[in-house]
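You will see chain A twice below: alongside chain B first, and alongside chain C after that.
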Partner chain A sequence: MGEPFVTARGLRKVFHSRGRDVTALDDVSFTLARGETLGLVGPSGSGKSTLARVLMRLIEPDAGAISIDGEDWLALRGRALRQRRGAIQMVFQEPLAAFNPRATIGGALDDPLRIHGIADRADRAERPRRIAELLERVGLPAGFAQRAVHEVSGGQRQRVAIARALATRPALIVLDEAVSALDVSVRGTILELLADVQKSDGIAYVFVSHDLAVVRVIAHRVAIMDAGRIVETGPTPGVIADPQSAMGRALVAAVPRLDFGRDDGA
Partner chain B sequence: MTTTLATLRGLSVSYRREGAQTFALRDVDLDIATGGRLAIIGESGSGKSTLALALAGLLPPEASLAGTIDWPGLDHVPVAGRDIGMVFQDPGSSLNPVLTIGEQVSEGAVRHLRLGRATARQRALDLLARVRIPQPQAALAAYPHQFSGGQRQRIAIACAIAASPRLLIADEATSALDMIVQAEITELLDTLVREDGMSLVFITHDIALAAKLADRIAVFRDATLVEVGPARQVLARPSQDYTRSLIATHIDFSAPRLIDERA
Partner chain C sequence: MRRFALRFLRSPEGMVGLVLLACLVAMALLAPFVFPRDPLSIVGRPLIAPFTDASLPLGTDRLGRDVLAGLMHGARASLLVGVFAALVAVAVGTVVGTVAGFAGGLIDEALMRVVDAFQVVPAFLLALAFVSVTGPSLPVIVFAVALGAWTGPARLARAEVLSIRERDYVAAARAIGMHPAEIAFKEVLPNALPPVLALVSVIVASAVLIEAALSFLNLGDPNIVTWGSMIAEGRNVLRTAPFLSIVPGFGLVLTVLGVYLFGEGLVEAMAHRRGRQ
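After this line comes the complex of A and B, so read on.
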């Protein structure tokens, strides 16, 4: 295996709030391979969402470097940045807030195809076919394209958000609390969809969550964040079995256990 | 001997929408034991929050109610705020942003216990200390935005118990909080209910949280009560497929991983 797909080194971000400096990221470094999932776990305010936004280049860091596929990701500007953006997509916690409420599902999926020129401009007939494919990929009927985003259930909407992220054939998807707002029975099916898409398409995920149990299900490796720093990192089962940091231990202890009534298959 | 605080019989709540009657709760029979801890579990649209509002008498005027809620454990019809304290999911919207913490926490005591200003202030101070707000004296003069989400939920709990209610209803009170704060708030509720001998109705979508806090569990789905029983029995020997599926889909450290280990 060669160079990691994503390498972040020494990321730093300080926010100025009410006359105080808040260090949201403090010397954060990590790597991510193609087709791998890195879980980012920490309590509110630990910097995990800031890190996700820095990766997306929605926020510029004060210091540090990010290389993606060997390229200096933070140096990209203008046209070059816009062209590469399709390779990195994001899925948010609240799918209702992540869409134009007046959009149809087909319209929401058509936007990335049009903006990133995925389906050729000359061949407009190609786009509806691509949209149908994307819907099928996330387990929704093609007829959903005509429906409004607000008409479907929360779980279906999150499937549409995943389809939208897949539209540009990304190499990396940043998932920020992507299953936290979903019903328990839906949560598992969305995690299965994500794992399935990763296996077939080799997409890397950064999976941001405050729930270490959910991260254990989906992430190969985990980075535990506390006050802007990564305080512990390693293969997820190992970190959970024997956390070395105080925050790692607190996060493991905070997961309520359903310790009777189920055969333990682990 | 256990006594019954509240008895629900044939309780239905419905709304008229576009000419059609839709049920938010349908024909529910349920008892709440005095001093008991009842968890109400369900997913979106199960009717669990409607049940909380019906108990507290806080249903919107357009809701139509059928069936009965009796309070054999009280000698009067309960008043929300005095006999029933409520804690909601989002303390950001349940606290008033322009009132000080002291004003908000003492309000219940002033209104329902007819305490004077100085006594009510002292009570607010005691309550803030009980819910473990650091520097409670300084907190009295502070505003909600000056606190973290977890601390705001502690303050909302202080408000809810200010008039010493007999019943505390927590409606997804920990769902918006991170796991560590969630564990702290759950523990705080546990302590307060035990110390004050309050009854607790704990509404959640998280069956493991229910297992941790409740002695009885009632499972709701699509506006109906699916099953109810002692917590251990419902979890270990659920009688309904739906309860079994809720337990099976719960994700904790024993859930199967969906990925292959990498070299």
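After this line comes the complex of A and C, so read on.
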């Protein structure tokens, strides 16, 4: 695919808590092409959420470099950073916590449109139309704009979160355990929605999850993290079929199987 | 919201507080209609005892001024000072606390040391010093009382903001490129407000008392009747005509009690709502 869209090199982050140093990221490097999905898998505390937040510039790394579309992403400050943030959006694990408790769905979608001036160049009436479009895009009725975020179900809320991420027309969306808090029955439809959006818009995803079963269906490539390091990376089918690292093997073994035909003797 | 009101009305404290406050507000609002004359004007013989003259039910003071008229007009001063001082204190305190908590670092340190500086001086001394320098008038008194009261809301708002700024919705607001000032005042501040509002009743009550104490020391606005100045006036004849101090004293006690109970009822109704979520 030529020049990678995102290149991260030597990322390092150490948290200091109560006199102890916790190394959340230790020399982490990866690349991501346009329209590609990188699955970031690892157990709790392996640093995958920290990596997601460093990528979002929500946490500043201690060392390392990130370039996005050839630009030094970590050098951006203030206004320039805020403007550029539209290119990278995030979907959080807990859809209820990711919205202001007072927000309406329309208001939550209006913010990114207003900040990035996406709709109001022509006229003010353009924004409600764009909001309706975004809602339709994620499979929700346009009438939802008037509802409060806390009134709708968890799956619908995560659809709103995806709509909010899509509002700025990003090239990359970081999904931090985006389906982990959802009902299993809802999970599949959200994954399908994400795959559809990627196909039509060519958006790249960094898909953070502890669950290899979910990553398998959505990620082109997978990176396995353990104690702040990426211990294994490669195309998803290959890594799952033949994991090289100890953590990779442990994660593959942890995926529940429904093999009725075979008797494991357990 | 309707359920919230219902729960408030069902709590006995809230109900008693509401009734007391309603009486007070009615007194303040009706004063100019029931007693259109200046309450400082002389209407009869001096020192008529209460309940002896039907046209002057609470009697007259040393100069022959109507005590009931003074009581009702005095309610206006107490309420005005209480409500506006609390408004100013909560507005200033919440903004300072939000900025301190959200900005963190040096700004936080600097602002909180200012809060400390105000907090170590007793609120009443602060008001006293301020009024004696700038001269007594109602706006000055409101400001003087707020000067000693804004630190409580500031501390509470800061503590609340410190916890809220770590929430995902603040991260989400940063991720869409929202300006930090907009995040602080639109996303964080409104959610930090409920516990601060619980302080309002305490501030109103203490503001009413501070205003009365200032008036008692002749540092009140000399052009209006206040309960504090009525008590001070009655002090000279405390033995022969104790009612002159007792009547406005009752007004003060009932006002502070009413405000306080009303606040208790609100907090209780709010706690219920939080518990349900």
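In this text, the second predicted complex is superposed on the first by the 258 of 266 C-alpha atoms of A that agree within 3 Å, B and C clash if a C-alpha of one lies under 4 Å from a C-alpha of the other, contacts with A are read in each partner's own complex, and residues count from 1 in each chain.
Going forward, a contact is a pair of C-beta atoms (placed from the backbone, for glycine too) under 8 Å apart; a residue touches a chain by one contact, two chains touch by 3 or more.
Source: prediction; values computed, not measured.
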{"item": "Residue contacts with chain A in the superposition, chain B compared against chain C", "value": "B"}
{"item": "Partner chain(s) touched by A:I218 [first = chain B, second = chain C, both, neither]", "value": "first"}
{"item": "Touched partner set for A:G86, first chain B, second chain C, both or neither", "value": "second"}
{"item": "Chain B versus chain C as contact partner of A:G234, first or second or both or neither", "value": "neither"}
{"item": "Contacts of A:G188 with chain B and chain C, given as first, second, both or neither", "value": "first"}
{"item": "Partner chain(s) touched by A:L251 [first = chain B, second = chain C, both, neither]", "value": "first"}
{"item": "Partner chain in contact with A:G64 - chain B first, chain C second, else both or neither", "value": "neither"}
{"item": "First (chain B), second (chain C), both or neither touched by A:P128", "value": "neither"}
{"item": "Contacts of A:G139 with chain B and chain C, given as first, second, both or neither", "value": "neither"}
{"item": "Shared contact residues on chain A - chain B and chain C", "value": "none"}
{"item": "Residue ranges of chain A touching chain B (in the complex, touch as defined)", "value": "33, 36-37, 43-45, 154, 183-185, 187-188, 191-192, 194-195, 198-199, 210-214, 216-220, 235, 237, 240, 250-251, 253-258, 260-262, 264-266"}
{"item": "Residues of chain B touching chain A in the complex", "value": "43-44, 148-150, 177-183, 186, 205-209, 211-212, 232, 235-238, 245-262"}
{"item": "Contact footprint of chain A on chain C as seen in their complex", "value": "167-169, 171-179, 187, 190-191"}
{"item": "Chain A - residues contacting chain C, complex", "value": "53, 56, 58, 81-86, 88-90, 92-94, 97-103, 111-112, 115-116, 164, 167-168"}
